[in-house]
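Below is one structure, written out as structure tokens, with a few remarks after it.
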Amino acid sequence: MTKAIQSSVQVGELATGQALTVPLYTFSGSELFSPSVYIQANVHGAEVQGNAVIYQLMTLLEGYQVLGDITLAPLANPLGINQKSGEFTLGRFDPITGVNWNREYFDHNIKVQAWYTEHQHLNDNELFQAYRSMLVGACQARLELPFGLSTGHRLAVSLQTMAHQADIVLDLHTGPKSCKHLYCPEYDADAARFFSIPYTLIMPNSFGGAMDEATFCPWWQLTEYAASQGREFSVPVSAFTLELASQERIDLADALEDAKGILAYLSYRGVIAEKVTPADMPRFGCYLCDYKKFHAPKAGLIEYRAVLGEPLAAGQPLVNILRIDLYGTEQAYQAISLPMDCVPILHFASASVHQGTELYKVMTKVFSITH
Amino acid sequence: MTKAIQSSVQVGELATGQALTVPLYTFSGSELFSPSVYIQANVHGAEVQGNAVIYQLMTLLEGYQVLGDITLAPLANPLGINQKSGEFTLGRFDPITGVNWNREYFDHNIKVQAWYTEHQHLNDNELFQAYRSMLVGACQARLELPFGLSTGHRLAVSLQTMAHQADIVLDLHTGPKSCKHLYCPEYDADAARFFSIPYTLIMPNSFGGAMDEATFCPWWQLTEYAASQGREFSVPVSAFTLELASQERIDLADALEDAKGILAYLSYRGVIAEKVTPADMPRFGCYLCDYKKFHAPKAGLIEYRAVLGEPLAAGQPLVNILRIDLYGTEQAYQAISLPMDCVPILHFASASVHQGTELYKVMTKVFSITH
Amino acid sequence: MTKAIQSSVQVGELATGQALTVPLYTFSGSELFSPSVYIQANVHGAEVQGNAVIYQLMTLLEGYQVLGDITLAPLANPLGINQKSGEFTLGRFDPITGVNWNREYFDHNIKVQAWYTEHQHLNDNELFQAYRSMLVGACQARLELPFGLSTGHRLAVSLQTMAHQADIVLDLHTGPKSCKHLYCPEYDADAARFFSIPYTLIMPNSFGGAMDEATFCPWWQLTEYAASQGREFSVPVSAFTLELASQERIDLADALEDAKGILAYLSYRGVIAEKVTPADMPRFGCYLCDYKKFHAPKAGLIEYRAVLGEPLAAGQPLVNILRIDLYGTEQAYQAISLPMDCVPILHFASASVHQGTELYKVMTKVFSITH
Amino acid sequence: MTKAIQSSVQVGELATGQALTVPLYTFSGSELFSPSVYIQANVHGAEVQGNAVIYQLMTLLEGYQVLGDITLAPLANPLGINQKSGEFTLGRFDPITGVNWNREYFDHNIKVQAWYTEHQHLNDNELFQAYRSMLVGACQARLELPFGLSTGHRLAVSLQTMAHQADIVLDLHTGPKSCKHLYCPEYDADAARFFSIPYTLIMPNSFGGAMDEATFCPWWQLTEYAASQGREFSVPVSAFTLELASQERIDLADALEDAKGILAYLSYRGVIAEKVTPADMPRFGCYLCDYKKFHAPKAGLIEYRAVLGEPLAAGQPLVNILRIDLYGTEQAYQAISLPMDCVPILHFASASVHQGTELYKVMTKVFSITH
């Protein structure tokens, strides 16, 4: 039986002097060349379910033969998790600056051409190792900037330093009110067949500030440039964001399903010795450019009608808006619909909205992902 | 067909100079001596469902013969409703002072003996009218205090001024995550048989700061004192708080059920001419002193287990607490239970809690309310 | 040279599992019968200057002969201190419940008559010791309540447990924008001549929820009751709240002045062996009932005119209110004044206010406190 | 005497249905070809002093001959201004999304080459008018997007629509605790000699998301491209951000100084007929790339030492950090300094900070701006 070793990493310091630390659990793999894995959860403070998935995954892993190193970082944003405002966790952005905790990762902006030219004499393994060292080193250097770095950037870069040391990176999030969905880079779209997640967003290979992008983008750029120079290899690093249903929710039974899906992917990648079959379920995809935000066209009280994860035909009601201040007019209670077929993936958490609130995110032009 | 007349009342002013107003809808009753009614909703900003109930009630009332005046004040706390913090409405307390919006009503602290001695020569109707005038006048005087009054107290006293002019007062709230329950003063316990609400808290007749208490306490005190002087009459004013399930939720179909329950009570009281039968459902009661708050004995991530509104036997799990920082110990995932039978009525809204967070409120020593 | 011993006390636990701890510093007194002292700071999260005063006081104490035990608890509310909202510390109330951190202390509600009757055979020292044990024990029992206690009440009672073990309790606060002032119970008014604080509020001897009241009230009640039974002694415990100017401000030089004032009081009380003379400065008093809150009569942008700590004649401008939305009318820019002479003690921290915001607190009927 | 005409513009709608409106004041200029002006204030909710400057400027303008149209929009962000959190205004970002209100302006991303090629036959005035129409039209189109736009983007684009119709745009802000400083695009650096502002940041001509950049960037791009095609004209539009000292402060006397400075610039630009001389004061500049943010290297209580607006030599203390939890070590009270000469321009508003908080912004490589 494999057991996780516990340690922790300091990611900041609170005004009282208290250290901000993240617990780390490590499974040491038995095979040197098996892929290594980094999994974090709860970077957004209210998105707690990933911790339950890590709990179930660790419990499962104790019964498997672990070949590659696996590092798990639950409760990855202690400041965000502990920050309440009223009865809810205000965990999406730094309460001081407003900056989204998930947009603080370091964009390396690597001059790939120059770097490759200098290192092209290396064989693939050496090349990847040198590149990885450069990425890790750049993060470590940021943590020592003479004029300091912001609270959120320090947290993000501390986590990123660990992520860059792994071959597979999973960032466990949730939506507000949401069905499960996966962010998957285009070059790695095959991976979507393993997780216990019905909907997949196929992302372009560019940097948008999130952990998955911060992890895979430099590698994708290296791969592309090498290919342009006639040297072919697969992108050596995989990174995904798993959106594990709704925030403010802990469900251990459901977490077990997602832990099994992760295990199926790790099995496929050779991180564990045993074969784990993915869940037999329909899976669907959508390109990120077809993932649409719908903003409240007017203010009011919202009756959410569209069921998350179920197809909604054009013209069917998405929400009803109650405007009791307009009682007696046709504006008092109105259905709102979209002009195209879609699958609603998530909706806003509150039942009253200002004009412009992001009410729903919906997939359009959805396609089946075949087994 | 009866139609509501719309007006509004100003309850404050925002820093930009914008008036804070509450919409008012009035049905004029055809009978002078039928009881008058005041219904408000959404004094706590996130507790929006009462507006939907008012909407359905107004729609229903258009088809009935209204005998007593009915005033409806939805969206009664515009500052609280519009105050967001992250994706939720921070509507439980004044964001500046922290004072609960529902603890700002004026405690008249009437010297009943002196007042009664002076007015005992009046007949019942005159006595009640004089008492009511005194209550309304005292509220109006507060609004003119030379050193001003706080934002929350101004709102509360503005609403209270309207409530004191009615014979029946309904304050529509919700819990955080909650099943429906009713706060009912002991002297008026019969009323619990009419609303579409399965659980009733029988309150003592004392002032705790809420609207219902602010309304009925002075009248109960008058009634008690008169009785001690050998003059018997029923408490002339009724006031209830209806907790209409969970906050941050609009459900028009469910609102219709509660509107019908209110209509059944109004029918019983002779506010409408038609007979409306209450819903046929089991109803249960509990004395307020047996309504228990359970605070989180330790911090962690919460898996809510106990189903709201369903009996829970002693020793059955209320919650599980996940402490992934303690993985590998028996503290990592633990069930918490209570030592007595209870009915869980509401629980906290977030899935992660500090030590001491109010996790559940449960009824103990529950009894059936017979028809 | 005396040196402080460092320890800490746990006062709660955050959602991530992190312990909330308060640092403690203790000077052990050389004389058994010298009064013991408990000093805390920063129970309101933005009121940081008390920590600087504790720092300076500890530095000074190292050069004195300490006779009575002194316990110092800076940073006494770690949750409140670390809770930011925008660029400021949201430290006045529990962000979840809105309850003021300084209104969470336990009101013992002692049945003094019964207790005294049972213990009147004891001599004074024994009587005081038994009473103190009862107070400490009651606090410790609360921390073990079977249904738990709220986050804020746990913090408060944990601090109160330490306070009850001392003869002298100082609670270091600040106002929002404020000049220095002292809350002093009526029976202990003499003490006001020692602190480096120009303005003193003479409080009645009743419980209002704050630390000073929680500490001295039970003792004052005991003293009163014993006196009514013909047994005379001075109130055995002293407790004061020091308001050390404005929140969000650290000034070590000014902190030294306040540390010296505290030292002068401790010298007078025999806690240190050396004689320390209080600062030679005019001191003024006002009864709490003459301390007036002035609420914004209308909303707008505020130009604070009245200088804190300086007498303001009736009719002189307290504030100007700018209402640029009313440009062109006489309401656009208006002075507001009070109808009586006063000394403004503190004002609101922000320059824009809703109607009803507490703009100023002013002392009226101010009198000189002679040396 | 010229009088301002009052109107208003709707920029959103709150959950209760209340319209969010911004008051507008317009002076109609007597000369068709005099430059038109748009001035807004208080887009960040706590930065109120610009309203006082607008008040003083309007009062002054009544005594001048106004040649060009002047539109003034005080209280430009009603949602942000009214959003309190504790005693302060949480006005820097949308409380729901965290997005900085001043980073929501529309980036036109104009394809200048194509546009110019199509319109190069126009004379300068026609060219400018066509370009302006395109900018205004693009903003108006955004307000009608089929899937809506976010609350903050709607506000920003509504304001931007008005700004694009003017030749001179002034956006009145403040820092947190700050001395006065001006953001000035490089091409318009001469303008810095007119305002009553000692420190100027010379900005590159690129888009960063703020109002001034959103206004001048498209025009600078047009100018550059036309120059590359051999057609020379000055950038036809000027836009500046004025940082009028500290937030949460209204000072009418100081506002008069800034109003006079603005008047001096408007006089220079021919917006008023009379000659107004700028204040005789030393003025300094710094390139934006030499404007440095200093983040707290560790957490603690901050004693701000460096005086804003006064040169600070390398090695002189910027702040002292009090860490009373480390009393007895050399870390307990430490001075922090910078390794180069600078002028501190602004510092953080709170006296307690987490590690990484932006403590100071300082100008380095400061130069004199000659008259």
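So that you can tell them apart, the chains are marked A, B, C and D in the order they are listed, and the count of residues begins at 1 in each.
Convention: a contact is a pair of C-beta atoms (placed from the backbone, for glycine too) under 8 Å apart; a residue touches a chain by one contact, two chains touch by 3 or more.
Note that the structure is predicted; figures quoted are calculated from it, not measured.
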A-C or A-D - the one linked by more C-beta pairs in contact: A-D
Farthest chain (mean CA position) relative to chain B: D
Rounded Å distance, chain A centre to chain D centre (Cα mean): 36
Rounded Å distance, chain A centre to chain C centre (Cα mean): 47
Residue list for chain C, restricted to those that touch at least two other chains: 14-18, 75, 81-82, 84-87, 89, 92-93, 96, 301, 325, 352, 354
Contacting residues of chain C [partner chain B, same complex]: 12-18, 79, 92-94, 96-100, 146-154, 292-301, 323, 325-326, 339, 352-358
Chain B to chain D touching residues, read off their complex: 14-18, 21, 75, 78, 81-87, 89, 95-96
Contact footprint of chain B on chain A as seen in their complex: 3-4, 6, 23, 25, 45-46, 48, 51-52, 54-55, 58, 74-75, 81-82, 84-93, 176, 248-252, 301-303, 320, 322, 324-325, 327-328, 332-333, 348-352, 354
